[in-house]
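Let me begin by handing over the structure; questions about it come next.
In this document, chain identifiers A, B, C and D correspond to the written order of the chains, with residue numbering beginning at 1 in each.
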Amino acid sequence: MYIGFIGLGTMGKPMASNLVKAGFKVKVWNRSQEPVEALKSQGAEVAASPADFEDVDILVSMLADDATVSAVIVDGGAMAALKTGAIHINMATISLKLAEHLASAHRQQGHGYIAAPVLGRVDVAEAGNLNILAAGKPALLEQAEPLFAVMGAKTWVFGEEATQANVVKLAANFCLSSAIETMGEASALVRGHGGSGKAFLEMLTSTLFAAPAYKGYGGMIAQERYQPAGFKLTLGLKDVRLALEAAEAAHVPMPFASTMKDNYLDAVANGDGALDWAALATVAARRAGIKG
Amino acid sequence: MYIGFIGLGTMGKPMASNLVKAGFKVKVWNRSQEPVEALKSQGAEVAASPADFEDVDILVSMLADDATVSAVIVDGGAMAALKTGAIHINMATISLKLAEHLASAHRQQGHGYIAAPVLGRVDVAEAGNLNILAAGKPALLEQAEPLFAVMGAKTWVFGEEATQANVVKLAANFCLSSAIETMGEASALVRGHGGSGKAFLEMLTSTLFAAPAYKGYGGMIAQERYQPAGFKLTLGLKDVRLALEAAEAAHVPMPFASTMKDNYLDAVANGDGALDWAALATVAARRAGIKG
Amino acid sequence: MYIGFIGLGTMGKPMASNLVKAGFKVKVWNRSQEPVEALKSQGAEVAASPADFEDVDILVSMLADDATVSAVIVDGGAMAALKTGAIHINMATISLKLAEHLASAHRQQGHGYIAAPVLGRVDVAEAGNLNILAAGKPALLEQAEPLFAVMGAKTWVFGEEATQANVVKLAANFCLSSAIETMGEASALVRGHGGSGKAFLEMLTSTLFAAPAYKGYGGMIAQERYQPAGFKLTLGLKDVRLALEAAEAAHVPMPFASTMKDNYLDAVANGDGALDWAALATVAARRAGIKG
Amino acid sequence: MYIGFIGLGTMGKPMASNLVKAGFKVKVWNRSQEPVEALKSQGAEVAASPADFEDVDILVSMLADDATVSAVIVDGGAMAALKTGAIHINMATISLKLAEHLASAHRQQGHGYIAAPVLGRVDVAEAGNLNILAAGKPALLEQAEPLFAVMGAKTWVFGEEATQANVVKLAANFCLSSAIETMGEASALVRGHGGSGKAFLEMLTSTLFAAPAYKGYGGMIAQERYQPAGFKLTLGLKDVRLALEAAEAAHVPMPFASTMKDNYLDAVANGDGALDWAALATVAARRAGIKG
């Protein structure tokens, strides 16, 4: 099985690397050359352009957002280059609208299409322990499973329509944002009454909320350490926007998502857009006039 | 050490029972007689009234809300009955206003006062594994620790002022409510796009959100099982109101808490007040017109 | 007809003065003496205390809030002093809870009780042009009408129960707060895109929103002139809290009221509590990082 | 001066008609033929297609939304057909993004571009009394003024950039939506306490809120009469979405707009999308369990 891999960013690079290490024949492409060289030194072939994937059986892409996916996969020629029967596994967090469009376009060209966004940050990707949220035809998923087994700890299948995996990813990211906002408001309440936000969060994340999401972000919030950004606040804003667009399409009121988006805008307007999205937690304290 | 225990409801009964089993001399009082008989059969003494605690060294109370605490402890004569040097450990979730009032009134009468609300539902109380959120003078906390060791798995100390424990409890309950609302909105989004709320919640609570709070309430939401109520929705509403009152006192905007309160009202208006507070999660789906 | 008048603040003073000028025999009381002297010089009698109203047929009170009404009318002895058959017209903006309590207590003592909060600021009170929002038994309202005719331009009757007028007043003040918040957000949007908030508000309040509320507050917002405070921001906060309490009692979700309350807290936390409540409009711009 | 007019819907038809009646030479185009025949009978010329406007000096368009504007003006060939120096006056409520795109594209083709959305419903358009919210180069606005004078009562100029008029229109529509939501919540509060929403709204819109917006929508809400739809609820939803997109672009938190959007979705999910947008006011009452 010949694998193509487009998008060697912070997440894509370790994912592709794991595929190479697992013995797959992998051809890679990335806009910037640095990660391409790294993969090449590990044994990967190098594609000349996004359109240079006519031979692969499966094309994996891990790109940043809707705009990049459209630019590289559609306008860049990757989709058009694929041979009949090839499968495109799109692991990016994208809008449901684009997911529908890609699924339909690939179908018309005789390709298989799998949506497979992931849960996990860089260290999890490096360890090959991602949670893979997949949707696609069973026969396609079966072919993809050997790759998923290398990149992830577990594959969760949510249906045959691509959007069914993408909406789960948007819902999960909404839950993460919500946990951050919740800890921000709760800490501000405690601090507003003279208590220690740190002591509160330590207790919270050691007891009822002893989960990776709360422990990770709770620790950052307790220590007010928002750099370096594992996932930028502006990307959190983007994902809550995508969730709200998906909600609007299905007529689902999501007042928490709406509130969160306003707080993201507050954070960006106050200069925190480049910090880790955990900095969303600082909005409540700032509005309450609570100083560091 | 002679212990008084007032309030043998679903939480208080197993807590008092654990004290008796641990060998403490315990005198109990409760408005209804049934749990009193149960404790008596285990070896507890029975008080004639809330004022019949003049001999105890430590009075523990576990009452439902501000109104009950005021009725029993203040108007019912428990406070006035205590001897000089006695300690009142108030384990209820009450308002910061009442906490301040009780602390001050006990001080004037020469009593010690400890605020010690708890985290954990009935089964946790039965197992003596509560998390105890305590605030009070160190010397008082030292005297209370043998009791806490019996009732709880761990004592978390948040300061010397009673309100510092109570505000942490309100903040923690706010986080629980927020988790419920978050899962409700996220599930509605997934279901609105034809996905399975159950599959989504199973994935969520097995991965990033694998914490007791999410697993417990996520399971109830996935199965749409809101009876019997471990903690009534109307009590969740009461606690978010107390959190908002505390927030107002400290000028802390808490938009999630505000949103949640409106959704609690929606749930009550739609007849769900007697269900478990996890039923807050049904509001988003109902508003979106999503049927069971 | 012998009239008592308690509460000679910025609103009460001109209202009492108009009654004196209209030829009524009026006896007044106020905590501070300055306005008492002014009324005396116009011909009013002076009461020795809030309990010195045993002779009056109708007692009008115009006090600041729940606490003051309780302190003066209940604890201060005014209610107890009234003779059988006397009528108390309470023109303050108070909670529904206190309104119910007062109505019931007066009934038990053989008094009539009318709730009659007003719409209008000081200049309107001076001109005798208030809108009076009244509730009470028809026979009582008939007796009160000559006084209302002097103090107000029009009396609006909302029912026989006191709360029915008080809830209308809370609803009306909510609408005013909402108009302020709305103009604040809309102006911030326009300014965020380089437009003039002033030009926008001038157009808005000259066309579809050419109403006193919008013209008055719109002008203040356009000119960013929030002093002197005609109605303090902290009073706006108090009234939205009363509206939310009333909403909770009837299980009415009011998300605009909730949002507004958080923004009031933001304003207070940022030091604007003593400004006119129109300063609520500055919150959106500040959060957006828009400078004056 | 030779005028083209594209878009003869409920608003465009009377606007074009007024231009014809005022003596302008007008050539019209509309997707459906009925209004074209009406205009023809009044003396207008008929264009064969959106591209049949190569001779006009000024092209006025009054189309429904972004998609229609793009389809007709860009893809349909109207823009490409215009001669050098011609002016396009776009009177639709569109996104700031599309406004920027059109302004730029016209500039590149040597055309003038004016954004001129309007305030006013059909009857106001018929009477030639619209408020015209204009932005464009002063020299262009001068040429457009004779047309504006026929269609509107007053032209409000907000700057030289097209977006400056479009953002004002979005802000004004946000204010209208907000007024509807406000009256909905306030009425629900009054009704929840046994009062009459109708009596409340009559008082409100006769006093502090005696403005066209409140009188018009307040009357509809009081009588619960949401058909026929002067402006469909789904269009209200569209406009609040455009406002929120504009707010996001400028990092302006607009919590009222966010809340409103969720309530619009609630209304649509409950089957009210085809009613007048004043039906947004029914959401609060339904959530509170208040029956008609």
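What we mean here is this: a contact is a pair of C-beta atoms (placed from the backbone, for glycine too) under 8 Å apart; a residue touches a chain by one contact, two chains touch by 3 or more.
In this text the structure is predicted, and so the values were computed from the model without any measurement.
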* Asked: Which chains make contact with chain C and with chain D at once?
  -> A, B
* To do: Report same or different for the chain B and chain C interface, where same means the shared residue numbers exceed half of all residue numbers found there.
  => same
* Structure fact -> dist(centroid_CA(chain B), centroid_CA(chain C)) in Å evaluates to 38
* chain A to chain C: how many Å between their CA centres? -> 53
* Structure fact -> Listed in rising order, chain D residues that touch 2 or more other chains are 247, 251-255, 259, 262-263, 265-266, 269, 287-289
* Over in the complex, which chain D residues touch chain C? Could you list them? => 96, 119, 131, 133, 156, 158-159, 161, 163-164, 167-168, 170-172, 174-176, 178-179, 181-183, 185-190, 192-196, 199-200, 203-204, 207-214, 243, 246-247, 249-257, 259, 262-263, 284, 287-290
* Asked: Can you name the residues of chain D that touch chain B in the complex?
  -> 255, 265-266, 269-271, 287-289
* Asked: Within the complex, which stretch of chain D touches chain A?
  -> 241, 247-248, 251-255, 258-259, 261-263, 265-266, 268-269
